[in-house]
Structure formats: C-alpha cells, structure tokens
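What follows is a pair of complexes built around chain A, which joins chain B in one and chain C in the other.
After this line comes the complex of A and B, so read on.
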C-alpha cells in the first residue's frame, strides 16, 4: 500500500520516468538472477500498436508508460477492451485484410488460443520462450504473469483443517460455498477439471457442489461474500483476496490451496506478436524482464512466470503450491465446458 | 399524404444504413448450429418480467417528473431537469454495483451507520436499478410532448369544476400517451439489451446467456441469440406502434406557481430518486476513494466524452427528422422507422463487434472519431427518432395547410412551421442520444481511435480491476459533464418560435 502511494506520488510529479525499470531493480536483486534486465535489451524504435485486453487499473499502464519513457523513439499506441472482444476484433481485421495491431496482450489464455488457432500469431525465438518456467513455454505466444485458483475462507467460520486438500472432496464437506460460474476464470478451472478428471467426474462434482453453492457475478463478489460471512469458503483467483486485504488489512479472509488438481490451476495472461519484425518481439522481451515481472508481482499480486523472479507477498512459494500439469492453450476448449455447466443447470 | 412522401427516400436510406449492423449479425450467426433451446424458457420469463416491471417503474417515476419539470414554475427549473435526467449518463452497472455494496447485511450503510437495510438483489433489485437508470427516457419524451400541449383544454376543464389532479389524469395524460409510450419503448429496449445490472443482481436474463457465449469465443452463437432476442424487440415495437395519440394545435403552455410548502413537498418526493441514482453511488465511490486513494486520471477523458457525444447527438437528430416525419406520413414510413429501432435492442458487445465488421468495410475511416460517431448514431438513432416523432405526431396538419394556402412552398412551410414546432422533440432526442453516448462502452472501446479514453472507458477500466476508489472522480465528472451538455442543448430549446408567447406570464 505504501509502495503504491509512493509510485503514484512519483507518477504525478512526473518523476516516474525511470522508476519501475530502474529503482525496482534493487527489489528484484535478491532473486536468482536468471531473468533478463531491461539494461540488457535493445532500445525500441518505431511505431507499434498494442491491443491490451483489460488494463488492470493502471498497473499495466504504468508498465507501458515506463517502457515509453525508457524508449523515447518508440511510438506506442494502445487499444484497450474486453479480451474476448479484442480477440474477435483481431479475427475480423484479419478477414478484412486490415492490420490493426502489432502485439496482443491478453488477460486470458483462452483469447490467445483463439488468435493462435486462427494462425495470426508470429513464431517466437527460442531464447525468448526459454526465459519462462519450463511448464510455460509455447512456440507462438508467451505467458506474462499467472494467477492461481485458491479457496478463500473466513477464519471465523472455518478452520484450515476443515478444508479438504483435494478439490474433488469439497462437496463432501459441510461448508457453505460461494462461486461465480459465469466468470471466465471459473470456466477455465472447470475446463481443467474436465481435462484432468474426465467429464463424468466433473458432472458429478458440479451436481453435488450445486447443493451447497451460492452464485455470484464475479470472483471479487465471492471474496467479499466470504469476508462478510455470507458463505464460509469461496472459489476464486488468488489476487482478489490479496487486493481486498491490501485495502482492508483486518479483512476476515485467508487463503487455502488444494494439491496438484484443477483447484490450484495456474492460468496466465499472455502476449503474442501479430506482425513480423524485431520490434514486436523486442517489446515482448521487455514484458519478461525481471523489473516488469517483479513490479507486477508486488503491485498487482500476479505470479511471475519468468525463471528466477520472486512470488508476491502473501502467497506461499512455488515449492509449497503444486499446480497441475496443464497445457494452457487447451483451456481455450471452453464450449464443451459451457454445455456441461448448462446441462447441470448452473449457467 | 402526397406532400409528405418526399421524406421517404431519406428515411429509406437511413433505415437501410441502420439495418447494416443487423445484417452483419445474420452473417455472423450463419455458423451457429444450435437454436434457442427449451431450458432457456426460464431465462425468457425472467427477461420479460424484468422488462415489464422496469417499464412500469420508469413510467410511474418518469411521468410525474415530466409533469413537474414541464409545468411547475420553480426557481432554477432547468437545473432540476438536468439533475433529474442525469441518471441516463451513469452506466447502470455502476449504479447496480454501488447499490449492491451499500445495502444489505454487512453493506456499507450498515457498517458505517449501524442501520440495517434490506439487501438490493434479485429481480426486485434489478427492477429498482433499471428503473432508476431508465426513467429519464420517459421523463424526456413525455416532457417534450407535454410542452407542445395547449393549456386551453385544462383551463376549460377546471372552469367546468374538474379538480386539478383529475384534469391532469383525464385531460392532459391521454394527449401525451405517444410520448409516454415512446419513452417506455426505449426503457424496455434498454432493459432487454443491458448486461451489467442483471449480472450483478443475479437475474438470469437473455443478455447473460449471450455474454457467456460471447466470452467463451462463441461469437456466432452470441449473434444467433441476439437475433432471437430481436423477436422480443419486434413484439415490443409492434405493441408500441398500436399506441395512438391525438393531433392538435400548439398553444400557450400550462404553468403552476406552487407555494413555498408545495414546492418543498414536491422536492421531498423527487429527492429519493436522485439520492439513489446519483448521490449514493458517488458517495460510495468517495468512501472507496478515501480508503484506496486515486490516481491515473486525466481531464482530457471528460473532453473526449463530451465532444464525441455532442457530435453524435447533432448527427442523430439531423437523421431522425426525415425518419420521424416519414413514420407519420404512412404505413411504409412507419415500417422504415421501426427498422431503425432494431439495433438498440441488441446487447452492446455483440453490436460493437458487428460495427467492427461494418467499419472494416470503410478502411479509411476505421478506428477514427468519425466512425465512432457513426457507430453512436447507428446505435442510438431510435432515441432521437422516438422523441421527434412523439412531438410531430401531435401537430395539427391544418397549420401546415394554412401556410401552404398563404403561398408558402412545401419546403418553406416545413422549415417555418413544422420544424420550429417539433424543436422540443429534437432537443429531447438529442439529449437522449448525448446521455446514452456518454455511457456507451463497447463501441467506444472497439471503434474509437487508439488511445481514445473517455469517462465511460476509464470507469470500466478501474471497475474491472477492482480499484473502485478511482471511479469517484470520473463518476462525478460524468454527471457534471452530462449536466453541462444538457444545459447547452436546453438553451437551443428556447429558440422555439412559440416560446416568445409562452414565456409571457399572465
């Protein structure tokens, strides 16, 4: 919180120019220095258009501003919109033969899947994809930061011991549960469950969960409901809890994790290049630097996916959480999940 | 009849233009195999329920407020109108979210003041929110019709011993029924196409099914479902077209001069509406602003909002005039007019994507301000058409004929008689387009120039990311700038030819 104010104050004073890319280096210095530093990267020059799926309240903006300030010869223009709408726009543009964007940075790997399946993404060099953790390397797109599925719970109502470590056992508990079935991350989680546990087990799980679950519009709503004591436990991405606690440190909500199943899936935001040439690739390199990665981790509570960058505060380290083994582009296979949710009567 | 037909060519071109994005939807839906399936019947029922309840609510609030703003002479009368119309500029999802957060056990009101309040959610909550953010449709269209009425009939009724409330009910309201219906139609269509409010209030409506498909990358299914939603839109359009008004000569306007306590009583009745729709959301955001801190906001966003919306309002009114007059002159024109409404009933994000396809056909315009204005006009043309038609319908044709007998050309008669007499409808229509463009989101995001940030897009950005404190300043500016734009347009209203005689007080 203090750090955020500090950065905001500097940003308004106009002194932000070199901030996250220079002074945050000290913060990242403790990390094992496998990640590339901005100092090792070539300067960006020329015109670049970025389609940005959701803005994360200015944090992605701060990263973009810092890149702009560091590269005065870069003429960067940005279009922001809902991830699915921008992916559809890219497809429409490709059909009409219009090149609107050079780079697409999406909050959701499903949208990345739609664009790569349409054959619009340029291949990425090996040395770039090699910077990412081994489970997160793909030929034509690069994950930027991740988010993990968690079980936020209200410690006044539940103790950690009462929470099963296997997501499939959750319906057997006697807890009141909050979830957001219409929310994209929830649907990705069910897609992962479908792919990991099979369709039958997933349908069974959903049927039994439905008895004790209350639906919310979004996962912030779920976390707020847990905090209010409306439900004992929720299913939500990790950062909603961490952000709620940053604004309200005494909030009655803690995080629990399941083990090596869909319940602790790590999904990622991703970036891909749409036009050929060095500039889009080098722009992507900036997003994978240790400065940007640790900035997003400390400020947006996102999980850095580049090797050798520390996790955000309030999350156990990667050794203590065990996400399932999953090809994230397979999560684009959403439609069977929707059919399944509808058949069970949840959507 | 024959002399009106010259509106037809214009109206036909405009109707065809308005039909283009709907045509794109048909093309997009071509890939979809599934039709609407039976278990969506519940969805259909709750969609219709929410629509009907919202129209009732919007009429119950909008019509009395229209009487109030049209006839009651109060100090700062225009300011009242502006404040009462302002909810139309506030995105309804913002209102829904703040009301949800403010009320109920553990809500902000209880945790701050310790007063337990009932929760705002479900069908009742959604109806409340939709009513609060759609009643200005009814208010503005009804007020425009009321102002073109001659007070003579009411005065006659009062002279013959009818009470004031009875004469309003029996003598005034039946004559503005087309204005009320035009506003009710817009409220119904807004409700059908809105996504945010039903989602936050957890009501299962048609738009929610469409959004789920869209976000699961099923664009063709979303387009197909949107076309099916148009079946309901068509039904509403048909019902509204059955509402017939009367034709009469314009004259001196009715005016009430309330005593001080009467005025205070009226304001006390009006206050809760504004409190809930505008003040409460802004207070909640301010609370979060104090809690989280602000940052990242630039004043240029407000300027972007206001000039794009003003441009859209002007263009929409210019295009609406021939369509509205064509609608009055015959059955064929009526059909052309109805066609322009279709796009307003399609959920924003699907319409936004359809407009991307339209815009890509004009590559030299793609992602420019001009195209964004075109998109606003295509989406919100019915708002202007409805208001202009409602006032033009009430016009007595004999004035026009008199002008013609006295030697005016059809063009001169139109410019000097019809146009000034429908100016109120044009201003009301322009105001509706302006306010609605201020809060428009999907087309602004997808079709505006790169880096084009408006108040609505900034609000969306911070809301999506959960930085609610930062929504306070743009929320407040949205209300202030809308007020400013409305004030500008209401100045135009004064230039009406008959205003000179109306403003004489007897």
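After this line comes the complex of A and C, so read on.
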C-alpha cells in the first residue's frame, strides 16, 4: 500500500503532511530546478492596489511588509476582506466600468476562478508561469502555495488498516468522524467531489456521512477532537495537524490520505493581475520567489508550488500521494454545493 | 445628583482608567444607525448630559408610579423605548461597550423587578444601579471627548476593518466579546450567539493556527469556550454576571495568547 508506506515515513519523521499534484513523478524531477531569488528581481516602483483575501495568520501581511520595505518607491494600497467577497467586488466593479485593483491575491483558487471566468485577468508571461510546478501552470493566474485535504486520525482509536483509501467508502466504515461543513475548505472539497463523482453520488455520500459525523466550527477543532479521542477520524487540511504537532509533539493524531479522489484534493491560494503593465506582473514575481515560498512553507506549513523550493520540515515526499487531476478554477462555483449541503440538512 | 457622583468617584475612576486603555483601539461598531455626532463628542456633551438627566427622570417617573400605584399602572417597555431614543445611546455604544452593557443590565434590572412585582426597595436598588451605570458612562464619554479633541481617538466608522496582525485580531476578539455581553444584556440572545460564532470564524480561527504552535492546551480551552461554554451559557439564560464571568475568563486566556504570540513573533524569521 502506497499510503501505508507514506504513513510509515510520516511516523519516522515525527510530524507530517504532504503535497499535491497529478503527475508526481514530474514534480520530483522539477524539484531540482531553482526558484528565482528576490535578489534577481527588479525594484518595484509606482502605485499598485492589491485586493487581499484573508491570509493565514497574518503571514501574508508580513510578506507584504517585507516587499514594501525592500521597495521604498512602491506605493502599495491594500484592500482586505473575505476572498469571495473581494472576487464579487471585482466583478461588480468591472461591470460598472471601474478598476479598483491591479492585483488580486486570494486564499483559494475558487475565488480566482470567478475572476478569470469573467475575463478580468491579464495573461501572465510564460517565464513566470514556468517557475511553477507543471500541474500548477495556468495562463492567467498563478497559484502561490497549496494545501491538501487529509484524514487526521487518532492511532489509539483506529488503525491505518481501518481507514479506507477511497473517500467514497468512508461512510461504510464504523468510525466516529469529525467534520466542519461551514468551513470554506470543506465546501471546496465537496465541490470537487460533486465534479468528480457527480451530484447523486455526493448527495448519497453526504446523507450517509451525516449519520456518523459530528460537526465542528472549524477544522482545527476537528483535528483537536481527533487528538483527544472524541472522534476517531476527521476531515481537514494538512496544516492543522502539522501545527498541532509543532505545539504538542506527542499529540495523538496521525495523517492518512485517500487516493486520487476529492479526499486528497490539493487547493491553492492564487494571484492574478487585473491591470496591464510590468508592475503587477513583477509584484507577482515577488510572491513566487524562493524567499517568500520558503517563508510561507516554514512559518505557515503551506506547500510551495514553485519549483525547487523545499517542503515544510517533516513533510514526506509527495511521490506517495495521488491527488485528483483537477483544474482548480473549476471549484469557483460554490452555489450548487451550498444548495446541496442545505438540501441534505448539513448546513 | 452631584452627591451621588462624588460618592461613586472610585468606581468612576476605575471606569475611566479602563476606558483610557481601550481608547487607542476602540473599533467601530453600532447597533443600528449611528449619527455623525459620535465623531464630535465635545460639542455634544451638553446634549448627552441632558439625555442622561432626561432618561433618569423617565426611569424615576416609572418607578414612582409603580410605588404609588402598582405594576399594571406602568408600561416597563417604555424603559427600553426611552433609552433607545437618546443620542447618548450611540455615543456610549460606539466608545465603551462594557458600560453600554451595564446600562442595559440596569434597565432590565428595573424592568424585571417591576414585572415581577418586587417590593419598591428592590426596584429602587435596581434604579440606583442603573443610574450609577449612566453617570459612569457620561464620565467616560467626557474623557473620550477629550481624547477625540486631541486627535487620539479614531473616527467611528460604520463598517468594521480587518485586523492585519495576530495580536490585533485578538484585541478585536475581546472587543467582540464585549459586544456579546452588550447584546446579552439587551436580551438579544440570538444576536449574542451569532456574534460569538462570527467572531470565532472570522477572527479567532485565523489566529489559532499560530497559537496552537505556542500552547495547544490554550487553544483547546478557547475552542471549548467559543463553541460550547459561552454559547451554552447564553442559551441556558444564565445571569449576566455568570455570562460576564465566562467572557472575563476568555479575555484572560486571550491576553495570555497575545503574550505568547508577541514573544513568538520575535523568533520568526524575516521574509527576505
């Protein structure tokens, strides 16, 4: 079992999580490439307005401040808000003939999809997109960092053998499960399931899961419930377990992964340029530098998506994980997912 | 009334000190529309004083009627109507939520004691508590006006801004907990619970990832507070003192969290 080997590697590492991508072999090859250093980039000068979706624990703000400090002639204005709301604002502004932002940095690619679908994103130069791992190259937006869906479990309550490698089989297990249906990443996961498995299968999965799942407000809450044995297993992004392990190395929680389905979806934060010119593009280049990618990996446990940048400490190689092959911008339309969750009585 | 004020100077001073600590970060919020007067406190102090005196007079008239007649002779809902009528309501709500909550507690203290046909001595006791909260609040607004005149008080905004730092988010969480208390004191339990839920999802949830690296047990305790202890205390209709105790316990944990995050920030590596 590949998944078992992976978990063994995790156990050896002491802490863990993992990475994305469809063609993992190519990723491994790409890892030897070098990312661009900030020292190789031109200085940023002029006025730039950024719409920034809520970042992970304020670290995006640290990145922006570092860019400001390094570029004193950059006049950077930042409008902050929930990512989805900012995406809708951009679309509304475009319809009104107004351009409020030069760059949009979103915490999830679904919101990016809303903007690219509306035709508002400028094309990115190939030398920029070429810095990204091959399955994360898009013509008009750039992923920044990634996160993967995982199954955190309590090894005192359940063994790895009891955990299905197919997410669709999870309701058939006899496990007590924790989830956070109101959480945006969970909803993206359900959107992916809807797209991969179809609406009927997703509704059936949700109805059966509802019988055995306990709801939590957020996914860190899910992971902590797993750790204290309140539930056997949970559904959560990878970094919550890594962070818990960092603060509590003996935490009773390990990670399992499903195979090639929505259960191990890799989602990403992303950035796009809305106005023409070099400044927005060069600003995006700063986010893809080795320094920024390494910073977000080490401080926020996010997954660097630029070639040649190391994974967060303790993460195993992603060669043993098999996320589904999916265009992340297809996760844009949450409405059918929310309607479905409400119809089933989960939201 | 001056005698009352002087005799409560200690309490008033404590409130002023607390206000002074809050002024620098007092964020915008309001229950319903607020007038521009809140950004010109100094020029409205006379109006606010009249508001307080007028409202105290209205309360006294209701209590006196209750004393001379009976509970059927008074409409206690008018206590709320009168309070919502005055501009001072918005001034204290936007500047010092803890005292705003105490005013609501006082109003409902008077209302409930009349509705429950309590002896007049008990009603008068509640009336004194309410008046004390009102005068404390007027004093707080006078100090806030001084700060505002000196440019030390941010303009009151009608929309909330997003904190850009972890510690800023924790400050905002504490402010939102004050709002929870205010809404609970207003007997708006559903609204109070919604604020708890929104505060967890929109503010605390963004902090806890970093906090759990510093103290996982503290995050566990706060998770329980946000998702179980506080909502349950509100749902169960605990007394305002009991709910306030839960909130104060949470604030103490949040202060500890802030210390931890500030210490951790010094250890963070630079981006470039």
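We adopt the following convention: the second predicted complex is superposed on the first by the 313 of 347 C-alpha atoms of A that agree within 3 Å, B and C clash if a C-alpha of one lies under 4 Å from a C-alpha of the other, contacts with A are read in each partner's own complex, and residues count from 1 in each chain.
Methods note: a contact is a pair of C-beta atoms (placed from the backbone, for glycine too) under 8 Å apart; a residue touches a chain by one contact, two chains touch by 3 or more.
All values derive from a computational prediction rather than experimental measurement.
Steric overlap between chain B and chain C is present once the structures are superposed on chain A. Once the two complexes are overlaid on the shared chain, A:119 sits clear of chain B and of chain C alike. When the two structures are aligned on the shared chain, A:187 is found in touch with chain B, with no touch to chain C. In the superposed pair of complexes, A:291 makes contact with chain C only, with no contact to chain B. Set against each other, chain B and chain C differ in how many residues of chain A they touch, and the higher count belongs to B.
Of the two partner chains placed by superposition, chain B and chain C are both touched by A:61.
In the overlay built on the shared chain, the residue A:80 is in contact with chain B and with chain C. By the document's definition of touching, both partners, chain B and chain C, reach A:243. Judged by the touch definition given at the top, the superposed model places A:228 against both chain B and chain C.
After superposition on chain A, the stretch of chain B that runs into chain C among 74-82, 218-226 or 362-370 is 74-82.
In the superposition on chain A, chain A positions 54, 56-58, 61, 80-82, 182, 216-217, 220-221, 224, 228, 240, 243, 247-248 are in contact with chain B in one complex as well as with chain C in the other.
On chain A, the positions that touch chain B within their shared complex are 4-5, 8, 11-12, 49, 54-59, 61, 77-82, 84-89, 92-93, 95-96, 98, 100, 110-111, 114, 182, 184, 187, 215-217, 220-221, 224, 228-230, 240, 243, 247-248, 332, 334-335, 337-338, 342, 345, 347.
Residues 161-162, 164-166, 169, 197, 200-202, 205-210, 212-217, 219-220, 223, 226-227, 268-272 of chain C are the ones touching chain A in the complex.
Listed in rising order, the residues of chain A touching chain C in the complex are 38, 54, 56-58, 61-63, 65-67, 69-70, 80-82, 182, 216-218, 220-221, 224, 228, 239-240, 243-244, 246-248, 251, 291-292, 295, 298-300. Chain contact summary for the complex, chain B toward chain A: residues 39, 101, 105-106, 199-200, 202, 208-209, 211-219, 291-293, 295-296, 349, 352-353, 356-357, 360-361, 363, 366-367, 442, 445-446, 450-451, 457, 461-462, 464-467, 470.
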